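So, here's a batch of structures to check.
Below, chain A partners chain B and then partners chain C, in two separate complexes.
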Partner chain A sequence: MVVQFEKKSMTGNDAAAYAALYAKPKVIAAYPITPQTTIIEKLSQYVDEGKLDAEFIIVESEHSALAACMGAAWSGVRTFTATSSQGLLYMAENVFWSGYGRLPIVMPVVNRCLAPGWSIYQDLQDSMAFRDAGWIQVYTKNNQEVFDSILQGFRIAEDKRIAMPYMPCLDGFVISHTTAQVNLPNAEDSFNFVGEYKDPVIEVDTENPWIFGGLVGPEKFNKDRKDLMEAMERAKKKIVDMNREFGEYFGRTYGNGLVEVYGDDVADLTIVSMGTIADETQDAVDLLKEEGLSVNELRIRTFRPFPEKDIVEFAKQNNKFLVIDRSVSFGHDGQLRIEIEAVLKRNNVDTSVEGRIMGLGGEDVPYTKIAATAKKVLKE
Partner chain B sequence: MKVTQKDLLNIPRKAILKGHFACAGCGSALAFRHAIGSIADNVILVVPASCASVYQGGGKGASFNVPTINTAFAASDAVASGIQRAMKMKGKEDIKVVIWGGDGSGADIGIATEIGACDRQENILHVMYSNNVYGNTGGQRSGDTMIGAKTATTPQGNTTPRKMVPFIMMANNARYVATATVAYMEDLVTKFQKAISLEGFKFMQIDSPCPPNWRSDSADSIKIARLAVQTGIWPLFEWNRDTGKAVISRPNQKYVDKENRLPLTDWSSLQGRTKSMTKEQLQNLESDTERQWSFLKKFL
Partner chain C sequence: MSLEGFSYFKEIPKKLYLMKKTNHNKDKVELMIEIIQISRGGSGGVTGAKILADAAMYEDKFGYSQAIPKYGSERRGAAVEAYVRFDNKPIRLHSPVYNADHALVLDESLIDRIDFNTVSRDGVVIINSTQIPEQFKGSGRKIALVDATRISQDLGLVLSGFTLVNMTMLGAFAKGTEIVSLGNLVKAIEEFWGEKRAPKNVEAAKRAYEETKMVIA
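Moving on to the complex of A and B:
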């Protein structure tokens, strides 16, 4: 069954708010930060107007925003928040606490660079700093994918075998504040896909007291961490399944859910990137094709868990990668490049890897610039 | 409802079981036993990093017999807010959500979160048991440390006045604020019961002797706590938003008048942290005590 849509023009933040509205979270806690603000403004409006039956907690900090969602998640109800940049950093200890605590929270991060200097524009430095926090991270390319990823996110996070918080990332302004067409399903169809949060992963109960997060010895500690590692592996399959199921229901998929290929399966050069740069890369691929050059694209949609197998399989057919990072691990390199090189090496694939760091601090990365860079790399 | 000694002996369900890790003479564990024990069937406990996150024990030997969620140091009031709102959505509003933490979180690192929850009038109770130090980390100075008290980070004695957290909560329009002490347990549990019966944000501060950090004899805990009331160091009162008035609690009424108070040295001489205070430090402690009283008297 493919459901009916209404074609609507909306910003990426509106798309995020619609997805949250349709998933019917019971508790939302949020604190404003540009460029996330319009998501929570919309949701507070839905709650005030009675369109959404939820408790909206207007907290005094991001640290408390996530903490309140954690309280709600421990109580076994669906919960949602959103943040950006410094706000994500301010909630840091709770980001790790909820990740290692396996709490199924959905929290879009509207990517914005980190100070200093003050800039509200986009790069991926904020969310990339949390790649080790035990969250699923999906980097979206456009407004439609924001909506779709959030609906899928609740299903993935709340699956008992996964039980993990989910962070859909959307580039600030380029997605968050730019109006584009979104094929919006109606509320009922959307909720039918997500479903009620039944049989919660975890639920604090006065009948059966248990202690959460108390003292543990190394044995139990390691068991818990090992379980998180294994759950991340299970999450890969879940993300693929969810992408397929979503496709059957809504008629749209994003590659296999983990990675998405654009252009020919085999090419002289593969551009690898994430977020809106990956969307722009599609135009670069088309432009280069018109010029008679053989270039394709591998978009990493899911950064955590990292799609090692998919990258390796693709690299076996393609000899040269150009990885574009929009964030840096200072003292080393762009995180995406580091990780791609690592998985190729460990799987004995000899695809060569070039890396470029582009688009920091909201620097515009048009397809022409990507194409020019690709040409240079092709000549090397 | 006034709690009697007989009520104290009839704890319906033990909230803390044998084998807990609290030190001998710990005021916090004693207050926990009676206060949380009085509502053990109907409470969700939120514990920030504190002695309580340790003395609850761990794994199968854990001693807390009530549902307990441990949180990051500054997160407890926000986590409790999320739990309470979720319970509301589930139609289980009758479940009491109580934060049980020390003065490190309550007076220092978590105070913004605490005021945030107070400001939103979350229907929760924050109990701050005060041992006036970061006890769990080895006894460093907190915002709740008394003037002159030696701690691991004020080896010559603390020089700054106490942060008056109950008054901060009153100023932020809490529903109910009370101070209590383990020396007068009936009074403590009566206030605790009153607090949980009211809708909104409630705050209680409990004087909780800490033998290892106060360097006192564990057998003297109750005696020291009682002397804190009798010397005026620890004003016992409750304040209700309805009236905007503070009421001095019965065990403390006699000591409102400074003339009736015992000398401060009766209290300070029983503790290693305070017994060698200089004359000047004693004077400073006395004037800081007066500062608390003069503030409190404005609400009588």
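Moving on to the complex of A and C:
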């Protein structure tokens, strides 16, 4: 069954708010920060107008916002929040706590660079700093994918075998504040896909009291960490399944859910990137193809869990990668490049990897720049 | 690792990719239309760009559009740029518009903020003014002139001391370029503003549509 849509034009943040509205979370706790603010602004309006039956908790900081969401998640209800940049950093303690605590919270991060220098524009430095926090991270390429990923996110996070917070990332301003078309299913069809959160991964039971975050010895500690690692592996399959099921229901998929290939299966050069740069890269691939060059694209949609197998399989047939990072691990290199090189090396794939860091602090990355860089790398 | 091997230090020079008038996309996809708009914060430019994108979505020949406000300086009274794209398929570009087909000037005193060397000579420049600005005289450019400030003020479209010329200018855009119909523009305005606030805004667009004068500078 493929459901009916209404094509509407809306910003990426509006798309995020619609997805949350349709998934009917019971608790939303959030604190405003540019460029995320309009997501929770819309949701507070929906709650105020009675369109959404949720507890909207107004808090004094992001740290408290996520703390309130953690409490809600522990009580076994669907939970949503959103943040950006400095706000995400201020949450840091609870980001790790909810990740390692396996709490199924859905929290879009509207990517914005980190200060100093003070700036409100996009790069991926904020969410990339939390890649070790035990959250699923999906990097979206357009307004439509923001909506779709959030609907899928609740299903993935709330699966008992996964039980993990879910962070859909969207580029600040270029998605969050840009108006574009979204094929919007109606509320009923959307909720039918997400479903009730009937079988909570954890639920406070006053008859049977627990300790949350109690002291543990190394043995239990390491067991929990290994459980998390195994759940991340299961999450890969879940993300692939969700992508497929979403496709059957809504008629749209994003590659296999973990990675998306654009252009020919085999090419002289593969451009690897995430977020809106990956969307723009498709125009670069088309441009280069017109010029007779053999270039394709591998978009990493899911960064956590990292799609090692998919990248390796693709690399076996493609000899040269150009990895574009929109964030830096200072003292090393772009995080995506580092991780791609690592998985190729340990799987004995000799695809060569070139890296470029682009688009920090909101610097524009036009497809012409991607194409010109690809040409230079091809010649090297 | 020497810094030469480090991804951050291998930028290609801007001249290799920021080509003026590449218009690559337009050669490939004749349909894509790109618009640049300049306005003052408070006059409704960002909302106007969004509604223009909505109107283009209703056009059968387009169906897809994009409105990109350039944030950062959106204080009241400051110059605010916005960009709009129309196309017949989903738009994968996320950059600002570098080579516009048409330009919308909501405040004539900001006209120099747009580099008209990058605006297509076949396009239309829609200006909130009663006369051709000095720098365009003899240029042969197609100019759409409308006294948007007066029309908006006549209709009471003033908020906190700022005249809201956004809807008025969209009426002039529809007339001047003829790529978006007045009907679809009105539909987008009504959809956005809702029953209560739409009438004045629709009236502003309609009046501008009637009063806009097309001239060759």
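By our rule, the second predicted complex is superposed on the first by the 380 of 380 C-alpha atoms of A that agree within 3 Å, B and C clash if a C-alpha of one lies under 4 Å from a C-alpha of the other, contacts with A are read in each partner's own complex, and residues count from 1 in each chain.
Note that a contact is a pair of C-beta atoms (placed from the backbone, for glycine too) under 8 Å apart; a residue touches a chain by one contact, two chains touch by 3 or more.
On a predicted model such as this, the values are computed, not experimentally measured, just so you know.
Asks: Based on the superposition on chain A, does the combination of chain B and chain C result in a clash or a fit?
Replies: In the arrangement built by aligning on chain A, the partners chain C and chain B fit side by side.
Asks: Once both structures are overlaid, what angle do chain B and chain C make about chain A, taking C-alpha centres and a multiple of 10 degrees?
Replies: Once the structures are overlaid on A, chain A sees chain B and chain C at 110 degrees.
Asks: Identify the partner contact of A:A180: answer first if only chain B is touched, second if only chain C is, both if each is, neither if none is.
Replies: Only chain C; A:A180 stays clear of chain B.
Asks: So, does A:W97 touch the first partner chain B, the second partner chain C, both, or neither?
Replies: first
Asks: Is A:T206 contacted by the first partner chain B, the second partner chain C, both or neither?
Replies: So A:T206 only meets chain B here.
Asks: Please work out whether A:M232 is in contact with chain B alone, chain C alone, both, or neither, and reply first, second, both or neither.
Replies: Once the two structures are laid over each other on A, A:M232 reaches no partner at all.
Asks: Would you sort A:V27 into first (chain B), second (chain C), both or neither based on which partner it touches?
Replies: A:V27 sits against chain B, while chain C stays out of touch.
Asks: Taking the superposition as given, does A:S64 touch the first partner, chain B, the second, chain C, both, or neither?
Replies: A:S64: touches chain B, not chain C.
Asks: Which partner does A:D364 contact after superposing on A: first (chain B), second (chain C), both, neither?
Replies: A:D364 contacts chain C only, not chain B.
Asks: Let me test your reading of the model: by the given contact rule, A:N142 touches which partner, first (chain B), second (chain C), both or neither?
Replies: A:N142 sits against chain C, while chain B stays out of touch.
Asks: In the overlaid three-chain picture, find the nearest pair of C-alpha atoms across chain B and chain C and give that distance in Å.
Replies: For chain B and chain C in the superposition, the minimum C-alpha gap reads 30 Å.
Asks: Jot down the residues of chain A that show up as touching in both complexes, chain B in one and chain C in the other.
Replies: After superposing on chain A, no chain A residue contacts both chain B and chain C.
Asks: Would you tell me which residues of chain C are touching chain A in their complex?
Replies: Touch residues, chain C against chain A: 1, 6-8, 10-12, 16-19, 22, 24-25, 28, 49-50, 53-54, 57, 63-69, 71-72, 90-96, 98.
Asks: Touching chain C in the complex: which residues of chain A?
Replies: My answer: residues 7, 9, 35, 120-121, 142, 144, 171, 173-175, 177-181, 276, 279-280, 282-283, 286-287, 290, 323, 325, 328, 333-334, 337, 355-358, 364-369, 371-373, 376.
Asks: So in the complex, which bits of chain B are touching chain A?
Replies: Touch residues, chain B against chain A: 41-44, 46, 53-54, 56-59, 62, 64-72, 74-75, 77-90, 95, 112-113, 115-116, 119-120.
Asks: Which residues of chain A touch chain B in their complex?
Replies: Touching chain B from chain A are residues 26-27, 29, 53-55, 57-61, 63-65, 67-77, 79, 93-94, 97, 204-206, 208-217, 220.
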